[in-house]
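Okay, got some structures for you below.
Both complexes shown next keep chain A, but they swap its partner, so chain B is in the first and chain C is in the second.
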Partner chain A sequence: MATADPVSDMTAQADHTGAGLLVLLAPMTQEQLQGMLAHLTASFPAESLLVFSPDALPPDSDPALRFAAVPATSTSWTLNAADFVNAYHLAEENKARAVLMLGPESSSLDLSALHSLAHAVLAAPTDLAVSCYDLPPYAGLVNSAILYPLTRALFASPVRYPLAPDICLSLRMAERLAGVAQRFTATNQADAPLWPVNEAAVAGFDIGQFDVGPRLQHQPTGPGLNTILPLVTGSLFADIDAKAAFWQRFRPFPAVHNAIATSHIHTGGASPDTTPMLQTFRLAYTNLQEIWSLVLPPSSLLGLKRLAATDGVAFRMPDSLWARIVYDFLLAYRLRTINRGHLLGALIPLYLAWVASHINITTSGSDTESHIEAVAAAFEAEKTYIVSRWRWPDRFNS
Partner chain B sequence: MQNVIATMLLPAPDQAPQPMYAGNASIWHHMSDALHQSLDRVLSLLIAILPGILAFIAALVVLTLIGIALSALLRRGLAAIRFDERLVRERGNVDWAPSTSPSSLIARASFWCCVLLGLIIGVSAFDASYATAATFTNSLLPYLTRVVGAVLLLIAGTLFARFLARSVLIEAVNAHLEYSRFLSLGIKWLVLVLTGAMALDHLEIGGIVVELAFGILFGGIVLTLALAVGLGSRDLVSRSLESHAEHASERGLAPPAAPAAGHGDPIRHF
Partner chain C sequence: MKKPASATDPLWYKDAIIYELHVRAFADSNGDGIGDFPGLLSRLDYLQDLGVTCVWLLPFFPSPLRDDGYDIANYVDVNPSYGTLDDFKTFLDAAHQRNMQVMIELVINHTSDQHPWFKAARLAPPGSAARAMYVWSNTDQLYKDVRIIFTDTEKSNWTWDDVAKAYYWHRFFSYQPDLNFDNPVVMEEVLKAMRFWLDLGVDALRIDAIPYLVERDGTSCENLPETHRVVKTIRTAIDADYANRLILAEANQWPADVRPYFGNGDECQMAFHFPLMPRIYMALRQEDRLPITDIMAQTPAIPDNCQWGLFLRNHDELTLEMVTDDERDYMYIAYSTDPRMRVNVGIRRRLAPLVDNNRRRIELLNSLLLSFPGTPILYYGDEIGMGDNIYLGDRNGVRTPMQWNSDRNAGFSKCDPARLYLPVVMDPIYGYQAVNVEAQLSDQSSLLHWTRNMIALRKLFQVFGRGSLSFLNPLNGKILAYLRVLERSDGSRETVLCVANLSRFAQPAALDLAGHSGAEPVEMLGYVPFPTITEAPYVLTLAPYSFLWLELQPASVKPVQSSSRLPAS
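What follows is the complex of A and B.
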């Protein structure tokens, strides 16, 4: 997506008559860009559109379309702080009413997806329109294991993909996110991910979730799971820590505009091999006991001991155990029980154990989505645990 | 032979016979003189630095009392003007525990500032007093500063060793290395040995022996680790090379799957 300060260059190129919808695109090939522009002009009147892309305008595009190229782009795999700062500056300069931000590989999105996202903000009183994807059964597992259940339990938000790369923002939502993002860019953390759903929940803005169908998920290139998982979970934990006053109070589920037509049911298919993940978990169990015992209460350690002794196919991590593990790591992050890098590194083998358990559960006939919903429900049920330990951290509940 | 010994034991003809007790008295006299002089020197030094020590204690106690009074005053004053509530109103929704509320932090900071000021004043008074007593030959106090430095070195080294050992352990476990604990222990002892050698060198103990011992130990640990890692990580290197080769061939064709995935559906963590 766009980098930190291309605004002054771009506003000169763009028309200042005011755009209804400002579209901010991630880098893509010329064919993809051409397809995306065709989709956009088919969905919206070209006069109301203003498109910013890091790539050059394809030669045979609609001449009525207002297009401006942004300079160099960051290589982040998701939307980051710099993107939100740029989005708001561009929207403000061009008097846009809504900002549609499309992440890498967004060309694989359906035409109707773009329309529903933008229409929700332009026509309805929605401040944040978030995509809900129809992904393969074993895709987006970090989201299913940690991001979605935590966001749902603590912020009472049913948004299935809190870190969705394709979102649409109202101007006031873009302004709020830019304000948050500026704190990161000011401290040289332009690549830090932001949590729009949490921000919207705290601000009391309207959130909409829209079924956008299947999408090619852009996988981070270079850094692997050992780098990205601590980065993402650390960012979410920090955000939760900053918003503790909000989520500690009891809240009913807000009225989120859920435009999900069908529940995505995935069953069957060949299951991945869980052996390497279980090996990592058992290796960690023999080596990381000292670190885990600083973070986890005895009951969770006992649960892990039982798990380590379980054979491959019968390996099942109870949902409540996983919820408590994540909550205990969240609390240790807040209290700085150990170095935060070490803490999040020590979470990786436990996450892999959850993935192995999830695969075993779904292979044995359970629906993927219903297991993820059960995990999210366990996080909600255990919310009292995190609230009480947050207030009285010295008490290790059994 | 007996004649020779008898001749040696006889007193010389020109030498006047001396009473045995006179020599003993002289030794005792010299010893007593030496002890008195030493006692005088130590007492003089103590008398010279005693005002400094008293000044140090007095400055610390007085400033600590002032700190306590100031802290209590600030705490009450800020509570009276509802400082915390005003700050919450201005800064928005901020969650503070009672022990970390802004007024408590300000009061605590003021107390510790006073204590620090007392320490600085006390140390400077002691320093001035010690400088006047420095005419006496004394090497104990400068050595004490070296001891403090060595202790600080040891503490810092131990903390760094523990941090590094944990980092290596977690990274090695996440990289599926079977000998993670061994590697972590090796790194920890490398840093501890280095720290110990630095502390001894700082204390000027051992000289060349410490340097030699350190070189042998350090080299031994490095060699052991190199052998262990070299022999044990063949699988890791081959896995890494295979993964790079697969990644290069798949680039641009399809999104890469996680390396943990086996032969079924690919696992995508993100």
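What follows is the complex of A and C.
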């Protein structure tokens, strides 16, 4: 995404008469950018459109298009704090009514779907329009296993991809997110992810979810699961901690405009080999017992003991056990039971066990989305567990 | 350079958890037997984990320390025993990074007799500007009907000064001459000192001994209109240059006399509720809610931007000035059987010893502290049930070193024990080997864990800091029951029912909750749903010294009880 000091060199081309829709693009090839701009100008009146990109304007672009280049200082795989600060500053400066933020590889999206995102905010009352992707069966599993069910259970939001890199914001939503983001940028954490769905839920803003079809996932260079999972999970845990006073109160399910025509059904197909995952889990069961026993209550440890003794194909992690494990790690994160880095590292083998279980379940006939929905439902059912443990974190009785 | 406010909400103090400590008593980093700012810095994470959001520092300024730092010799520096000004700034930044505010003392009623202003005043000729910094008289008959506060040590509010050849006025110890607020230079100097600390980023000021700032003959010299003008001047100066700062008034007065210190929201934002504290102890001893409900009935409404400061114990004696003579006699008999437990007009004991170290009583009193309308103020060490030492002089018995672990000097300092500023508590019940942070951190059932959980729970519900209070009046007088209600501008509402059993035996309670018929109470600690409220009296049974906090939820949002089943095999 485009970040850092965005306005210094853009004013020459982008005047200040006001833009209906401000679009912030992540870096892409000239060809991709050309296609994206062509679609945007076809979908929105050029006079109400203002596009910012870290790339140069392609030579054959519509001359009526208001376009400005902004330096890209971040190569983050998702939207981060600096992006949201910049988005609001640009939106405010250009009197935009909506900000469409498109992350890396957004050119792979069905471009007509972007119209839905932007239109939802421009037409009001949606403050936050979030993309719902049609991803391959085993893609985005950290989201499916942790981010989505936690967000859904605690913030009563059915947004399937709470960390979606393609979103559209109303001006007040952008302002709110910029306010949160500034706390990170002020402490040199410009790359920190933000949680727009949680913010919108707390603010009582209207959230919309829109089916945007398939999407190429940006493959971060360098960091793997050992980095990504602690990063996003830790960030979400911290956000949940900060918003405890909100999510611990039972509230009616907020109205989320769900524009998903049908759920994405994925069954069968080539399945990843679960053997290394289960080996990692079993090794961790031997080596990480000491840490897990600081975090998990006896009933969960007993469940893990049974799992560790289960053969590969029969390996199934009960949804409620997984929900309680994640909740107990969330609690340990809040209580700083152990070093937070170590804590989140100790979650990885458990996550891999869940993935192995998920693969086993889906290869034996169940479709992936059905299982993910069942997991999310388990998180909802166990919400009272985390609330009571949060308020009285005593592992004696669990 | 002026630092911006660390708090973003102008009413931050309403949701705060304030922790009172003395730098000297908290942690010693350099092994000289005296606590210091680097030591305090090293313990900030502990305070953060406890849930503290505002640290109140007792005076840490250069001082002869004859009154534990309330005799200030320099308003704009740090006592070298506690570190340097840079150490203070480092501590302040670290606190702010942890989203904690910092409150310091503005002791402006008096200075030390070692303050350069007083030294100059003694030598200056009568009528001179230097002399006029303090209150002088040729006779000790002026203001002769004004009461003496430190009755154990002072026989008069005047002391003759041989150098000045005149009497000087002091409401407290004779080595603490009162500043003369009729002299505009005094006000200028006070504002200068105040700005010095606010510019550094200090969030709150506790104005010590606020009722006594101005004197007028023929009056009690307390709570005078001129005093309120001084307070307004200070507040105006703060509001003009600083955002989101707080003034807390120390006015040991009846609620009706404290009320004017809030003004129309344009004097102090907070003031201690002194009379409530002894009555909580009285109610516990008498197993009767009347002392509490009576004093709350006498408590006037305060402006929306103002807040009471609530406490169970502090660095001073459990003051009995704001009780009747009979009540005082009762409290002395009940809580200070040994005369050494008394000082001035009060009882110099900590929370745990006051209630015979009974865990249930400690928890009950803390539940009231955390659920009554106001901001709770915890005194350092009370979260682990620290004891006191009644054989130390003055109020030093409740100012002993913080007990961190069972190592030498309770982990407070690595110095030779003989070098400690005060000895650590060593008796078999409250001694540091038995009562310390380290042990309680490793004990899930400890008072420290309990306190931490309760603070965290309170912080989840804004109603405790901002809501209204209304008492229920069950027939059983041993039951104290009240509703806290917060109506927000967005239409949302928080309602909490608090019920406390002041008795050592189990008690029944039948509460008239017909006005909430249909609501479903949820016990807040365990998130346990209770039976729905109907028009009929709501019947509860409370264990000895137990309490219940119940959130009254609309019927549609009742939680489902989580099962405690074992995982499927």
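Here is the rule we go by: the second predicted complex is superposed on the first by the 389 of 398 C-alpha atoms of A that agree within 3 Å, B and C clash if a C-alpha of one lies under 4 Å from a C-alpha of the other, contacts with A are read in each partner's own complex, and residues count from 1 in each chain.
Throughout what follows, a residue touches a chain if its C-beta (ideal position, glycine included) is under 8 Å from a C-beta of that chain, and two chains touch if they have at least 3 such contacts.
The structure displayed is predicted, hence computed values, not measured ones.
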| item | value |
| --- | --- |
| Superposition on chain A - do chain B and chain C clash or fit | clash |
| Partner chain in contact with A:S300 - chain B first, chain C second, else both or neither | second |
| Partner chain in contact with A:A244 - chain B first, chain C second, else both or neither | both |
| Chain A residues touched by each partner, larger count belonging to chain B or chain C | B |
| First, second, both or neither for A:R172, with chain B first and chain C second | neither |
| Which of chain B and chain C A:L288 touches, first, second, both or neither | first |
| Among 127-135, 325-333, 397-405 or 559-567 on chain C, the segment whose C-alpha atoms clash with chain B after superposition | 397-405 |
| On chain A, positions contacted by chain B and by chain C | 244-245, 248 |
| In the complex with chain B, residue positions of chain A that touch it | 77, 105, 135-143, 202, 216-221, 224-226, 228-229, 232, 243-246, 248, 269-277, 279-280, 283-284, 286-288, 291, 338-339, 341-342, 345-346, 348-349, 352, 355, 359 |
| Complex interface listing, chain C residues touching chain A | 49, 97, 444-445, 449, 453, 456-457, 459-462, 490, 524-528, 553, 556-562, 564-569 |
| Touching residues (chain side chain A, partner chain C) in the complex | 187, 204, 244-245, 248, 250-252, 299-300, 302-303, 306, 318, 320-321, 335-336, 381-385, 387-388, 390-398 |
| Residues on chain B engaged by chain A in the complex (per definition of touch) | 93-95, 163, 166-167, 169-171, 173-176, 178, 180-181, 255-256, 258-270 |
